[in-house]
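In what follows, chain A forms one complex with chain B and a second complex with chain C.
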Partner chain A sequence: MIRVELAKQLTRPRTYLTFLALTAFALALTVALSATGPGRVERVGDIPLLLVPRTSMFTLPLVALSSTMKFFLPLAVSVFAGEALAGEAAWGSLRYALARGASRSRFLGSKAAVAALFSIAAVVLVPVTAAAAGLVAYGWHPLPVADGSASTPLRLALVTFDQGQALGRLGLATAYVAAGMSSIFAFALFLSAVSSRPLVAVAGGVGLTILSRVLNVDYLPGVAVLNGYMPNNDVDLWQHLFQQPVQSAGMLHFLVLQAVYSAAFLALAWWWFLRKDVLE
Partner chain B sequence: MISVELLKQISRRSVWATLAVMALVPALLTAVIGITRPALAERVGNWGSVVTDSSGFTMPLIALNAMLLFLLPLAVAIFAAQAVADEAAWGSLRYLLIRPISRSRLLAVKAAVAAALSVGAVATASLSALAAGLLAFGWRPLTVLDLRHTTAFHLAVVTFPPGAAAGRLGLALVYVMALVASTFAFALLLSTLTARPFSAVAGAMGLGLVSRALDNVPGLHALGPWLPVTDAGTALWTSAFFQPVDLSGLPHAALLQALYTAVFLCAAWLRFARMDVLD
Partner chain C sequence: MALRNLTVAGPPPLAAVADHSARQEVSSAPAAPVVRIEGLVKRLRRGVIAVDGVDLEIHKGEVWGLAGPNGSGKTLTLKMLLGLVRPTAGKVFLFGEPVRPGARVLGRVGALVDGPGFVPHLSGLDNLRLAWRLTRRPADEAGLEPALDYAALGEALHRPYSTYSHGMRYRLGFAQALLGCPELLILDEPVTGLDPLHVRQLRAALAELVGRGTTVLISSHVLGDVQETCTHVAVMQQGRVVASGRVPDLVARFGAGKSLEEAYVALVAGPGAAGGAPGRSAR
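Moving on, here comes the complex of A and B:
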């Protein structure tokens, strides 16, 4: 059943367009950085990490991940999860899909599995494309990273990671970002079960990231209590993997938080879908 | 005709709900800050900082800073998106067009009323913040710390007497209204393209999101000054509260917003004048 669903989703232009857009973004980033001065220092994230793009191919995946994790990746994930059920409902094919002799739980399970597979593929695609473009543009060199928070005008806190180390940390970072998308995925899937309009589910998934960003103490005083419990705030903590020593405090907390949010929304989606009157 | 449209919109519950939220959020914010941390400095924009309980005039600044990221654009997008798409959703658009008036005039009236409501939303939010702030912290001079020019040896502080603070606030509101103009026009364009108000609102918020996301991509710094919604642009209004007043960013921002607004409005007009109205 998963295979049928996979084959169905793979033939849809929407899937290709989403992947194509993410690939194009990573490539455009490489071109833009090369055109505007690859020798210039780029600041990445809130720490900030200071990178010079030209020094190594590994700079590009870092830049690409940090510039897509707040909007473009959540959007892609919401598209895959939001379309899962609402897409069928919008086409009016949901009740025929359910007329097959498979339980609703199993149907939901295979829909969710395929959407999750595509979402993970989307997250992995960005750094992989960027790394490939970086390999062509800047070559297989060790990655020097300066820690902007620990540096003073007199002393630059510079760390150089050799290729294997950089690759390993990049893999960890990608896995962390992928895990960080799971709450958005689960929420969009829940909305997809509730609504019969894919756009509502997609907008809701993206809306969750906005809510998480707006209820941030930088903009709204008095919400500091909520800060550690927002679904998407701490998705940028992977950048600490590139500091020396690694400051991984908070990362585990965020992963547990993601698991809790995902479990809650997935359970809600399942509960709702089992009881839903399918009219379309 | 404007009065008919205005009456219709004003009698709608969604308009009241939106304006009520605009009024409630600053009041709630004042209550939260007043209870939890009235004596702490709050960051406003990229460079400003105010101590909340030093004056009632700090609240409009804090509220604008918090709401300009999401809530004010949302209110503006709702008003503009409803203009045409709501009639289409109700199925009343074609009956509306049967009246012997040109489509251009209808669109202009709809746009004018939506614009008036948008201005009303911005005004409601800031007046509510001002009223709550004055009630909580009093009619006192406003002191703003300019972090850009503050060094360890020099504290760049400006104090405005209450009258001047009110004047500066008015100036800041003009900035803020200009900054949401492109969002308004884009929502109006989407409103003529779809028969679903929700899609138009989501699309208009999407413009801001995409624009902000592109603004934050390293390597695309050159694009920054030409995007409709950016972090730097959003904080521009705070320069009204620095001394000397730094108006250097204003002409560029106003021109850019005017350009985007004109393009989106023209597209909306072209589309609406030619569209097949089926609902």
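Moving on, here comes the complex of A and C:
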């Protein structure tokens, strides 16, 4: 079933358009940053990290991850997960896939597996494209990072990562962002099982991201009690990986939260789909 | 991608692969009906009862027509037969086995229900190949070539499905229903949008399948076709079967011996029909 699903999705124009858009964004970012002054400092995230783009190829994937993780990547993940089942229902092919006695659990599993694979590919594509562009533009150099939260007007908390360290931490940061998309993925998949309209499921995934950003203590101090439990708030904590020492407590809390949300939404999707009346 | 991997080497002709009449019963016990529906009820949201206590039994080799006005519950009944919709009450058996989502017995059924549905960016041929691969049965059991012969799509078979006309989509849908040479064929309004030539081809294909022992259940508004093609008919109204039996018997009893259309009008629109007369049988 996974091969069948791969055959459907790999030949689908939407898949390529999504990947193309993410690649174009990463390349456009490289061009834009290259056009700035040679010593310009980029502020990345809320911690914040201070990077000078032209000093190392590794600055670009960090800026690219930071600028896509709050909207573009959730949108791409919502598209892949949200269209998984609702897309088939909208085409009218869902009833024929199931009418021949295909196991609904296996069908859902194959859909979820392929959508997850494409979602991970989308997350990985952004830093990989940016790193490749950065390599061409700035070369293979160590990554100097100034920790804005630890710096004072008199002392700059500067850490330099050699190429191996930078590559390793970039890989961990990418994996963290990918894991941070899992709750959105699972929610969009659940909506895809419930609705026969792909747009509803995609909008639901994006809506959860927006809700998570809006109910943020930085904007609404009154919701401080919710802050640690919103599914997308702390996706930017990967920036801790580039501090010295690494502060992993918040990251671990976020990963556990992702696991709980994902398990809950995936279980709901499975429960619903097994009982769903395929009326479309 | 491996779409091309599913090739059908030397497919047997339709007549050979679909010959269900030659099957020998190994037991002396009477064979279970192909379809048995007992007290089928489907209550939709907001309490609307779309199917209300349907009983039906279809035996091997019979060709049943399901007639009734729009919204009378025909398509929903067919979807419950296919395990796509869960009944609120009642039971459905195919070949003696209870139907539930994912039941293996559904592999013996081919269906075209509620119109065709395919992946729009794939060709008709790739759609059929993928549809068959989902069944996880060997490629040489697909009977792809005879199904494609019926579809008669020519070079269009290699074009994206999204470029197909209405009639081409229905022909591809019928071809999909024929995959695996099913013992029970369920068709919901199969002539919708077909031109007269393809209607004639569909009738010929059905006649051939019936001749080979395939059991057929057709939902249709084209009562002339039902009278010509079917051995039996069930008329539904407001979710109930208001009359069922052999076509000539229904015509004689409710249609003054004229036509099935006369019988249908008398049953559905005639005096006393509004309240329904569930279970009237002309057997």
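Everything that follows uses one rule, which is that the second predicted complex is superposed on the first by the 276 of 280 C-alpha atoms of A that agree within 3 Å, B and C clash if a C-alpha of one lies under 4 Å from a C-alpha of the other, contacts with A are read in each partner's own complex, and residues count from 1 in each chain.
Note that in this section contacts are C-beta pairs under 8 Å (C-beta built on N, C-alpha and C of every residue); 3 or more make two chains touch, one makes a residue touch a chain.
What you see is a predicted model, and the numbers here were worked out from it, not measured in a lab.
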**Asked** Putting chain B and chain C onto chain A via the overlay, clash or fit?
**Response** fit
**Request:** Treating the CA centre of chain A as the corner point, state the angle out to chain B and chain C, nearest 10°.
**Result:** 90
**Message:** By the touch definition at the top of the document, which applies to A:A7: first (chain B), second (chain C), both, or neither?
**Reply:** second
**Message:** If we overlay the two complexes on their shared chain A, which of chain B and chain C does A:A249 touch? Say first, second, both or neither.
**Reply:** neither
**Request:** Check whether chain B or chain C contacts more residues of chain A in the superposed model.
**Result:** C
**Message:** Taking the superposition on A as described, I'd like to know which of chain B and chain C A:V63 touches: first, second, both or neither.
**Reply:** first
**Request:** Check the residue A:W91 against both partner chains and state whether it touches chain B (first), chain C (second), both, or neither.
**Result:** second
**Message:** Just to be sure I read the superposition right, which of the two partners does A:D277 touch: chain B = first, chain C = second, or both, or neither?
**Reply:** second
**Prompt:** Regarding the shared-chain residue A:R100, is it in contact with chain B (first), chain C (second), both, or neither?
**Reply:** second
**Request:** Could you grab the smallest C-alpha gap between chain B and chain C in the overlay, to the nearest Å?
**Result:** 19
**Message:** Show me the chain A residues, by the header's touch rule, that chain B contacts in one structure and chain C contacts in the other.
**Reply:** none
**Request:** Report the residues of chain A in contact with chain B in the complex, numbered from low to high.
**Result:** 29, 32-33, 36, 42-44, 53, 63, 67, 70-72, 199-200, 203, 206, 210, 213-214, 218-222
**Complete:** Residue positions on chain B within touch of chain A in the complex are 29, 32-33, 36-37, 40, 42-43, 52, 62, 65-66, 69-71, 198-199, 202, 205-206, 209-210, 212-213, 216-222
**Message:** For the complex, give me every residue of chain C touching chain A.
**Reply:** 1-3, 76, 79, 82-86, 101-107, 109, 111, 113-122, 126-127, 130-131, 133-136, 176, 180
**Request:** Provide the residue numbers of chain A that touch chain C in the complex, in ascending order.
**Result:** 1, 3-4, 6-8, 10-13, 91-105, 107, 274-275, 277-280
